[in-house]
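Taking it in order: structure first as structure tokens, then the write-up.
Naming follows writing order (A, B, C, D and E), and every chain is counted from residue 1.
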Amino acid sequence: MLLGEVVGTVVSTHKDQELEGIKFLLVQYVGSDGKKTPGVVICADAVGAGRGEWVLVAAGSSARQTKLTKDRPVDHVIMAIVDEVELGGQITYRKE
Amino acid sequence: MLLGEVVGTVVSTHKDQELEGIKFLLVQYVGSDGKKTPGVVICADAVGAGRGEWVLVAAGSSARQTKLTKDRPVDHVIMAIVDEVELGGQITYRKE
Amino acid sequence: MLLGEVVGTVVSTHKDQELEGIKFLLVQYVGSDGKKTPGVVICADAVGAGRGEWVLVAAGSSARQTKLTKDRPVDHVIMAIVDEVELGGQITYRKE
Amino acid sequence: MLLGEVVGTVVSTHKDQELEGIKFLLVQYVGSDGKKTPGVVICADAVGAGRGEWVLVAAGSSARQTKLTKDRPVDHVIMAIVDEVELGGQITYRKE
Amino acid sequence: MLLGEVVGTVVSTHKDQELEGIKFLLVQYVGSDGKKTPGVVICADAVGAGRGEWVLVAAGSSARQTKLTKDRPVDHVIMAIVDEVELGGQITYRKE
């Protein structure tokens, strides 16, 4: 999985029927040190993540293993909201 | 998923039999800020996307989860047409 | 899928038994503008592609959805021969 | 698989129900020469790996083939702890 | 598939039970011109490849389609030993 921060949303009304009820969030990947990397990915949200929260993103077929995304054409899913990241004995992120 | 803009088409008459009836569109990836990135990908079109529209592209086995692409040898599918992208409170794209 | 040009062949006699009868072609990826990109990939050939032809390549589990490659350990397949590429209203490739 | 070193942990209490009981470790990829590469990945831990240990990481659907991760939305798993790496006749890593 | 050369081995005694009996080889990717690219990947060996040999490597779920790797948590497999590579009419590699 990769770490990311929720930074926006994508709205689509015209889409494959298998996508009804899925919310798409824009996620920017971050390193464990908290620095954002360039580029974003659009993820189905399986956990009700909020703007500014750090999340874990699973990609590929693994993105279809949540209850929400089963058998649906999505390739990235937010499957966890991060409480804390510890790197080399240092807390580099803690959810407020 | 990644954001992309439909920029062209690919025509093929000699192809695997599992591909009959699938339309291939050239999609150029774009960042959430609207800037196009280099390179293009060829996608099966599951939603009737038009030239210049922004779309969501799902890759890998997830690309085979639409009704159109089930069990077919395609690894990228357009599964949604984007209405609006919001990033950091700003609308960075709105379909005209 | 990605666009590529058939540029060579790979021969292997000692291989997994599931690979019998599969022809391996060297494919160099090209952009829609016709410029070749560095590097090559080895693909199973499901359509009888010839040297110099432009083809579509599907990767991952999608590469196993042709009749030829079903349940076989291949991760890239040529599943279509390209007749024409149109980009921004211009024909950038046409098969001779 | 890729080689990595366990460098930290990620804690999440709010997550998809399929993730209960899975420990997430931060892994930094290393080359066979022992040099760390930039960036980290978050892995489910199927083998009880410890900080500083070198591990093998499997990605994609293969990450769901351990007993721990079966049918769960994880796309990277630590499936082996490395004892020794030999490259070109030289031992480049040996577990202490 | 990608071309690679067998350059080393990885030994692991503490691993997921599904990995028993699998030999891990270090493979360095090479271009069709014979030049090695940076970085290595660890592959399950399904064909008994030897040091210095050129091999084909399949990745992802396709890596689990050999008899050896079925349902096992490996994401790269050596599924063929290369006899010859021909590129643009020139033999760029021939097994000795």
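Assume contacts are C-beta pairs under 8 Å (C-beta built on N, C-alpha and C of every residue); 3 or more make two chains touch, one makes a residue touch a chain.
For clarity, every value in this text was computed on a predicted model and none was experimentally measured.
Computed from the mean C-alpha positions, the centre of subunit D lies at a distance of 20 Å from the centre of subunit E.
With each centre defined as the average position of its C-alpha atoms, the distance from subunit B to subunit E rounds to 33 Å. Contact with two or more other chains is made by residues 60-61, 63-64 of subunit A.
Taken pairwise by the contact criterion, the protein chains form one closed cycle in which every chain touches exactly two others. Chains in contact form a single ring whose order, set by starting at subunit B and proceeding to subunit C, is B, C, E, D, A.
Residue ranges on subunit A touching subunit D, taken from their complex, read 1-3, 31-32, 46-47, 56, 58-67, 69, 77, 79-88, 92. Residues 7-19, 24, 26, 39-43, 60-61, 63-64, 71-76 of subunit D are the ones touching subunit A in the complex.
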